[in-house]
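So the structure is just underneath, and the comments pick up after that.
Read from first to last, the chains carry the letters A, B and C; within each, the first residue is number 1.
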Amino acid sequence: MHSSPAPRRSWLNFRSRKQQDRLFCFCLLLPAIILCVAFILIPIVDSVAMSFTDYKIANLTKNRPGVWNDFANYTRLWKAGKLQSAISITGTFVAWTVGLTFVVSMALALILNSEPVGARFLRSIMMIPWVIPTVIAGLLWAWIYANPYGLLQYLVNVFSKGEITDFGILNSKNTALWGVIIAGLWKQVPLMTLLLLAGMQNVPDDIMEAAKIDGAGYFTRLIHIMIPYMRSVIAVSVSMCIIENFKQYPLFATLTNGGPVGATTTLAVLSYNEAFVNNNYGSGAAVTTVWLLVMIVVVLVFNLIFRRGND
Amino acid sequence: MNNRSFLRISSSLFKYLALAVIFLFLLFPVYWMLVTSLKTNVESYRIVPSLWPENISFDGFNTLFRDGKFLVYYKNNLIVSAIAAVIICIISILAGYALSRFHFKWNVILLATFSFSQMMPVISRLISLYSIMRRLGLTDSHLGLVLAISATQVPFSVSLMASFFDAIPRDLEEAAWVDGCGRLKTLLRIIMPLVVPGILAVGIYSFLMTWDDYLHAITLVRSPQLWTLSQGLKLTYLGEVSDWQLINSASILGAVPMIILFFFFQKYMIKGLVAGAVKG
Amino acid sequence: MKRIVVLLLAAVMLLSAAAVMAQEKEPVTIRFYNYALSETAKADWWKNTVEAFEEANPWVTVETVTVDYNSMIQTFTNDLGSGMSVDLIYGEVSWIPALVDGEFIQQPKDVIDPEFYEGYYDYVLDQMNYADGVYAVPHYYTNSIVFINKDLVEAAGMSADEFPTTLDELKTWIETLDTFYKDSGKVSTIFGLTTAEVPATGANINAIYNAFGGQLLTDDGELADLKAEPNATAMAEMLDFYKYLIGNGYTQENLKLKDYRAAFGAGNVIAYVDSSWGYAQIGEVDANAANFTVTAPLPVVMGTNGKGNSLVESHCFLIGDGLSDGQKEAVDLFIRYCTSTETLEGYLNNIGLAFVAHKGMEDCRISPILEGAAKGVSHVQKQTQIGPMVSVQKQLATMVLDYTINGASMEDAVDSYITEAEYFINQ
């Protein structure tokens, strides 16, 4: 095929097919690479470098480079216990949100997969929470949680028969994180349900039927046939969900801003506050660097477990 | 026999009950947002909330439309998201095709880098991103914002697009090649028409995701006449005022186009997202 | 006839002289950054004021720029970086440290007419001290005052004019009202204090702490010794007061000022503590709120050491660095124009209720709503500004929540406050 008869005027003619392919491929990828390098990778590297320096407002306004400060940003954050607490809160938030999202989505997907009345219609309107912008979703839940006058505290009042009259889920450090988790769950269940539902289409019906005839109960079939067939879909949708929740900031910003008593100060909130509330950009960058490392480790470990299970 | 049919009825009863509970959880908040937008503030601040407004009031919507600023933010966001969606589509068609068809060693590295940058929290790069934009003279312009938010969506969109190309048999290109069709021409004339559903999926997904942007806009865009919707809502209407009617009215207006868009194109969206994810 | 001609001639000459003089003024533009434009009423007032000013001084163009309260540092950084000048900023006292550190602003004494500058009340100007001097001039000011729903108080058979003047009386007052309204379901808050972890709340709690006779920062901008007297007692009594209010349900935990404002406007709050300009949002919920709103100063005797001390807050003008002489003159004129009875009286009565901060406005009428509270503006405490002021004050809310609802002991709550505050101060 190298000697394709059609005459081409291009100078590419003088190169081998393989070389041409390489060049062509590179040209196709170039715009994507430029965009990602310029607006994502360089800023990341820059921010990591900034995290080792003393970098405050004047550095930014007067274009002064930061001054190396012997890891002072990290040690200061660590000694005050900020990093440890933020990591553990982030971990709790991600674990619960992802876990619950998976359970609820799986249940919903199974029900929808069994073709209840109106399944198609339900599948469409189910997606509404997912398309609502996150800032708006946060405001919507803030209004439900509002204390007083919020819907939730009224419901709690009614169901507790007037025992608990001013339940403010975001006001106590024991429940505030749950307020955000519920909002996150609401936002993310639709997409995961959709993906799991699609994965279920790949499960061969005949094998399910055969197992049923063999007398395998519903949960046996679910665990031994369905889930193994859905493994890759589960892996992808769960790791998407993990990343999404690790990055979550708008919900915290609209609902709790890290409070009360720091109970919802995740790495995202901490970095934003260090950088943009206290105007200590170096310190904010140190938090994001740690954040990034934690996230990479978690996603790698998750993928490792799943890949290994796959073989 | 009786026992079994009882079991079947009760299990299907349970199924519908679970369905109802989950859907109540997913949809009632949206209903609540709508109802609050139609209530006067004095009614919203009742200790016992009313399920349906006593007097339907459009004050919230009127205020938003009357002062005109809201429409400007809306228009800006449409422009920004639409241009971003087009740019993302073009880039991901090219790069997605490359990744799907050519398997060079550095493609693996590139894929890894892409998925790495997808994980990047926005906050971590705001400051440097701003300095870069300043050097390029793109601060306080829609173009700068469009480029920045396009970059965030490119990694996912490229792999999504690649999965669509994967589904197209290679024979087609080989045939075109034999017919003397150049590489780029093959892609544009022969392959691209076959992945229109994928392009729609990527475009709409990008539009939805860029509509959601807030942090980039507040960092890069300054002038009120250039503000996007989330930014404008936050800066203009959500100051120190707890006007829940206004906030909910604005939320409704911000959410409705997304819902409509989704319903119009849900076939492609669902197909695209599923294709992207299942391919993994 | 002759006389008329002479007069006319003189008039013509005068006019042309004036015209020449006006022409001699080099046209000047000042870029005016204003965060107070998010509310319609304020935005309208500023628009009219700027227009009237420009009409009176045709050589000056005031270009208004809206800034968001939360992202203003980024805004200024962005604009200076893109070669736009930041000539004048309308903002809050707590912005001063960041703006001075970022080298954005200069001391107003170098710009404003010395005679006029003399006219500012010292106790307001004192709050704007940072690093090497005063970095802003006030537009008007407020201290923390009590907003009272007259109708609700009178319905309980009491008089809103006789607001308690000691802490003990205040508690009796609260309990009497609570007994009356307990089962009515009409009232959500008897005596509201804000405890949400936001900047405005931090400033509010600091004011309450001052009312109890405590001092948060030393004059050098260090954290005061909170374990020494009188601070220790003031802190302990303040925390117990919050616990008393929250524990008994007289106030709701973790509420923002804006929540109280809205609820007060809706008629569900008997009394709460706020800055005077909080009334703007009360009025937005119920336009007739003036009929039932009265104010009072905080009790003079607050615990062992409270002698009626108060902190003031103000909205202020901050002047950009690097102005040309023409711009300096324009800024001076503009600030003086805005800080006059003629310009500001309507604003102070209808839009942002507050007290005047300049001698030249002594004749300015203040809103009748503020009459009750006006008695209490004395004993203003000086407070040094520090860079992390917002965080250090905000942390006070954390401490209060820690002690009142999260079960921390007083000692632990104060200790962890000191740790946190030091963390922010020593960065």
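As a working rule, a contact is a pair of C-beta atoms (placed from the backbone, for glycine too) under 8 Å apart; a residue touches a chain by one contact, two chains touch by 3 or more.
Computed from a prediction, not measured in an experiment: that's the story for all the values here.
Contact topology of the protein chains: fully connected, every pair of chains touching. Here the largest set of C-beta contact pairs joins the chains A-B. Separating the centre of subunit B from that of subunit C, both taken as means of CA atoms, is a distance of 40 Å. Averaged C-alpha coordinates put the centre of subunit A at 15 Å from the centre of subunit B. Multi-chain contact residues, meaning those touching two or more other chains, occur in subunit C at positions 71, 74, 77, 81, 188, 259, 263, 268.
Along subunit B, residues 45, 47, 234 each make contact with two or more other chains. Within subunit A, contacts with two or more other chains are made by residues 60, 146, 148-149. The residues of subunit A lying in touch with subunit C in their complex are 56-58, 60-62, 76, 80, 82, 146-149, 165-166, 168, 170-173, 257-262, 273, 276-280, 283.
Interface of subunit A with subunit B (complex): residues 1, 4-6, 8, 10, 20-22, 24-25, 28-29, 31-33, 35-36, 38-44, 46-47, 50, 60, 104, 107-108, 111, 114, 116, 122, 124-129, 131-136, 139-141, 143-144, 146, 148-149, 151, 154, 186, 189-191, 194-195, 198-199, 202, 232-233, 235-237, 240, 243, 246-247, 249-250, 268, 271-272, 275, 281, 284-285, 288-289, 291-292, 295-296, 299. Residues of subunit C touching subunit B in their complex: 38-40, 66, 68-69, 71, 74-75, 77-79, 81-82, 185, 188, 200, 256-259, 261-263, 265-266, 268, 281, 284-286. Against subunit A, in their complex, subunit B makes its touches with residues 15-16, 18-19, 22-23, 25-27, 29-30, 32-33, 36, 44-49, 90-92, 94-95, 97-99, 101-102, 104, 107, 110, 113-114, 116-129, 131-132, 147-148, 150-152, 154-155, 158, 177-180, 182-184, 208, 211-212, 214-215, 229-230, 233-234, 238, 244, 247-248, 251, 254-255, 258-259, 261-263, 266, 270, 273-274, 277-278, 280. For subunit B in complex with subunit C, the residues that touch the partner chain are 41-42, 45, 47, 67, 130, 134, 139-140, 218-219, 222, 224, 234-237, 239-243.
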